[in-house]
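Both of the next two complexes hold chain A, though its partner changes from chain B to chain C.
And now, the complex of A and B:
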C-alpha cells in the first residue's frame, strides 16, 4: 500500500491538472469575446494584428453618447423593461399562486402552454406579433414593445413565483392565525417576508430578459422606441466597430449590476423557505 | 366558571362524500390533558382543526371556556398550538418566533423581552435567541414551538402529533418534558396522536377515535383494562380475542361462564351480560395469561395446551399456544421460566383479567 501511494498522488495531480486546463479553456471561451469588445472600445488603430491596442482612448464612448443619443435610447429601454416587469409581475403573482397552491386539472399541460412562446423560434413568434401589432397600432409604442416582451417575460415570472408560493408552508400560516394574527397581519408579518425574495428574483429575471431582448424589439420598435440592443445592432451595420463595441460595453453594465445584486442581495438560500426537512 | 374548557357538541365535518367527524361529542375539563387517539384517517386531526377554527363544522357547535366559538375565526380564539412539522416562521429568529404572539397583542418591548426570555428559560433554550429555525435541531425547533404556543398564556394548548417527527429516544424525553410543562402551568391541553404508548403515558383522559367517531373516552387505565369495543382493545396493547356464548350467569351477577367450543371459561360478569345464549367476545391481554408446567393440577380457568411457537424478545418471551385443540392464544411471559416448542403446558386465564365485549 505504502509503495503505491506516490503513484496515486501522481494520478490525483494529473486529474487536477486536467480539470484546471479544462476550466481555463471554458473560461476563455466565455470571456474572450467580452475581453475583445472591451479592448476594441478603448483602443485606437487596433485591427487585431497586435496583442494589445497601440493607443488608448475614450473617444468611442463620447461618440456613442453624442451621435447615437444613448441617454434617450437608455430611457426607452428602461421604460420598456419597467413596463414589462410590471405587467409580468401582475400576471405572475395570481397565476403563480394558482399553479403553486391549488389543485388544477392538467397543470403540466397548462404550464407547458404558458412556456410555449419561449420554446418556439423567436423570429417566427415575433413575425406574428408584428402583424397583429400593425393592425392594432401598437408598433412604435413603449407599451406595445413591452407587451411583446411580456410574452417571454411572464413565463419566467410564473415559473419562479409558482415555485415560491409552493414553498410557502400552509402550517406556518395556520400557526400565525393560532398566534392571534388576523389575515392582514399574517400577510404583512409572515407571507410577505417569505415571498418577497421570490418576487424580487422574478422581477430581476424579467428585467434582464426584457432589457436584453432583441428579436421581439426588432419586429415591433419604431424611431421613438428604439432600445439599446437594437441600436447596437444598427451601429454595427453603419460600420463603426469601435463605437459599436463601446455601445456593447454600455449595454453590458446594467446587466453586471443586476448580476451583482443577485449575488449579494438575493442569496440563493434566501429564495427557499427555511424549513429544514424532517 | 363552566366546568368544561372545551366542548364539541354533535360536531360533524364532511369532505365531499367522506364523513371525517360523525356527530362527535367531547367535553374536556379545565386543566385536563385530553388525548385524541386513533389511526391515521380516523378524524382526530379534523376534530382538532374544529377546535382551532381552521375547520368550520358542517353541523354542531364548538364551545371554548363557556362561549360558542363555532363561527369565531382562529385568531380570536386565544389558543396555543404545537405542530407536527413545528411550523416555526423560517424568516424569524428563535426570539422573534416566540415574541410573535406578544407583538400581535401589542405588548410593549420591555415586557415582551421579559416574557420571551422567561419562556425560553422554561424550555431550556436560553442562548439560542439569535438562531434561525433552520440552524437548530428538530427537538429544539419543537421546544421553540412549545414556547411560542405558551408565551402569551393561552386558555388552551393544542398539540398535533408534536413528537412524530422526532427520533425515538428524543420522543420519550420530550413526552415527559411536555407533561411536566403542562402540569406546572396547569393549562388545558388537547393532544393528538396515533401512538398509543404516548397517549397512555401522557394523558389524564384518552378519547379513542375510529372512522370519524369517538369509540371510548376514559382514563388510560379504563381504556386499557376495560375497552368497550373490539377496536379499542385491538388498537391499544395486544389482545387475544375469543368468540363464545354466555353459558351461565351466576345469581349474584358477579360471575358468568362463557362457552368457547368445548371449554367453559369463567369471567367476572359485566352488568350488561344478562341472558345465557348471548354471543360475546372474550378478550385477555397476552401478558396476563399465565403459563404453568404440565404437571400443575386443578384450579379455575386452567386448561391444557401445547407450545406451538416461541419467540424470545429479550425482556419477554412471546408464545403461540394451542389450548385443548380448540383455540390459539398469544401469551407473553417475563421469560424467566421458558417453555419450548412442542412442550405440553397448562394455561391459566386469571378470572380477573378475562373480559368480555358485547358486540
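And now, the complex of A and C:
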C-alpha cells in the first residue's frame, strides 16, 4: 500500500497536468487570433515562415486614421450606438415593467414573441427593414441605422429589465409607504436605486450589441453612416490585411474593456443566453 | 367602482406594453411581411403575384448544394461545440485556480464582432499562420502548409470557435445548479468516477446541453459575417441572399424568396429538434 502511494500521487498529478494543458490549449485557441491580429497590425514585412514580424511599426494605425478616416467612423458608430441604447431603454423600461410587475394573460407566449427577432436570422428581416427604410428615406441617416439596431437590441433590454422589475420586492415598497414616503419620494429614493443596476446592465448589453452589429448595418448604411464593423469588412475586401488588423484592434478594444469592467457587477453569462428553457 | 379600477389597471398595463409591441411589430413583424410580399412579386414591380422566384431557385442545381452546405455547417459545428463544451464545463466546475479567467475567456467569442474573430482565425490558420508554422516545424511528415482556410473543415472550426459559448454557458450553469448530494449518493453507493459521470451527471445536464445547442444551431444557421469573409467559394444561404442584392440591379424579390426558404427551413428543423428535446433523456 505504501509503495503504491507515490504512484497514486503521480496519477493525480498527471490528471491535474492534463486538465491544465486542456485549459491552456483552450485559452490559446481563444486568444491567439487576437494576438495574431495585434502583431499583424504593428508588424512590417511579415512574410514567409516567420514566427514574429521582423520590424515593428505604427504606420498601419496612421494609415487607418488618415486614409480610412477612423475618427469620423468612430463618431458615427458611437452616435448610432447611443441612439440605439436610448431608444431600446425607452422601450425596455415600460415594457419590462409591465412584464415584471403585472399579470398578463399568455405572458410566456408574449415574451417568446418579443424575443423572436433574436432567433430568426437577422438577414431575413433585414431585407424587409432595408426596403421599408428606402421608402421612408431612412437609409444613410444615423437615426435609421440606430432604429434598425433597435430591432435586435430592444428584446435584450426588455428581457433584462423585466427580470429587474420582477426582482423588486413588494415589501420594500410597502415599507416606504408605511414610513410615510410619498410616491415621488419612494420612486427617487427607493425604486430608482434598486432598478438602476438593471437599467445600467441593459444599457451596456444594448450598447455592445449595437456597437458590434454588422448584418443590419450592412443593409441600412450609406456613405455618411459607415460604422466600424462595416468599414472593417470593406477594408477586408480591399485586401490590406495590415490596415484591417489595425482597425480591428481599434474596434475590439472597447468591447473587451466593457467585458472586463462588467464581469464583476453583472453576470456576463446574460450576454450569451437569456432564453429561459428556450 | 372596483371594476373601474381593474379596467384602469389593465389599461395601464397595455399602455406600458405598447412600446415593446410597437417595436416588435414595426421592426420585426412588418419587415417580415414586406419580405414575404416582396418574394411573391415579379422582380422590380409593385403589383402582381408569382411563385417564380421560389421555383427558379429550387430548380437550380446549386440550390440543393447551398441548402445542404448550410445544414452541414450548422449541424456539425453544433456537434463540435457540444463535444468541446462538456469536458470544458466539467473541468471549469471543479473551480481550479484561475477558473474565473477561463470563464471570462469562454465569453470572448461572443462579445467581439464575428468579423474580427474571422479575421484573426484566417490569420492564425493561414498558410503563414502560427498553426501551420507549428505543424511544419514540430510534426513529422508535414512539410507543406495544411490548407485550413476556405475549406469546409476550416469553416466548421471557425463556426465552432464563434458559437460554442452558447452551448458551454448554458451547460455550465446547468452543471452548477446540480445538487451535489446526488453525486455523493452515487459515490457512496460504490460507483466510480466514470460511472457517476456517465449515468448521473450527463443525463442530468442533458436538458441544459440541448437547450444550449439549440442556440448554437440557430446562430450557426443564420451566420452571416463569418461565411461572408471566410467562406471563399462556399456560400451558405445567408451569403447567397446577400449576393442577390449586393450588385446592381439588386434582385430584392429573389433575395426575399431565399430568405423565406431559409426561415422556413430553420423553423422546420427547430420543430423537429424540439420534439427530440422534449423526449425524456436516457
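As a working rule, the second predicted complex is superposed on the first by the 249 of 278 C-alpha atoms of A that agree within 3 Å, B and C clash if a C-alpha of one lies under 4 Å from a C-alpha of the other, contacts with A are read in each partner's own complex, and residues count from 1 in each chain.
By our rule, a residue touches a chain if its C-beta (ideal position, glycine included) is under 8 Å from a C-beta of that chain, and two chains touch if they have at least 3 such contacts.
Computed from a prediction, not measured in an experiment: that's the story for all the values here.
Contacts of A:171 after superposition: chain B is touched, whereas chain C is not reached.
Once the two complexes are overlaid on the shared chain, A:181 sits against chain B while remaining clear of chain C.
Of the two partner chains, neither chain B nor chain C is touched by A:21. Of the two partner chains placed by the overlay, only chain B lies in contact with A:194; chain C stays clear of it. Touch counts on chain A: comparing chain C and chain B, the chain ahead is C.
In the superposition on chain A, contact of A:112 is made with neither chain B nor chain C.
Shared contact residues of chain A with chain B and chain C: 273, 275, 278. Residue ranges on chain A touching chain B, taken from their complex, read 169, 171-172, 174-183, 185-186, 189-190, 193-194, 273-276, 278. In the complex of the two chains, the chain A residues touching chain C come out as 19-20, 22-23, 26-27, 29-34, 36-37, 40, 46-51, 90-92, 94-95, 97-99, 102, 104, 110, 113-114, 116-117, 119-132, 147-148, 150-151, 154, 158, 208, 212, 214-215, 218, 229, 232-233, 236, 241, 244-245, 248, 251-252, 255-256, 258-260, 263, 268-269, 271-273, 275, 277-278.
Of all the residues in chain C, the ones that touch chain A in their complex are 9, 13, 15-24, 27-28, 30-35, 38, 87-88, 91, 94, 96, 101-102, 104-117, 119-121, 123-124, 128-130, 133, 136, 161, 165-166, 169-170, 173, 211-212, 214-215, 218, 221-222, 224-225, 228-229, 238, 241-242, 245, 252, 255-256, 259-260, 262-263, 266.
On chain B, the positions that touch chain A within their shared complex are 52-54, 73-81, 83-91, 100-101, 103-105, 132-134, 138, 148-149, 152, 158, 165.
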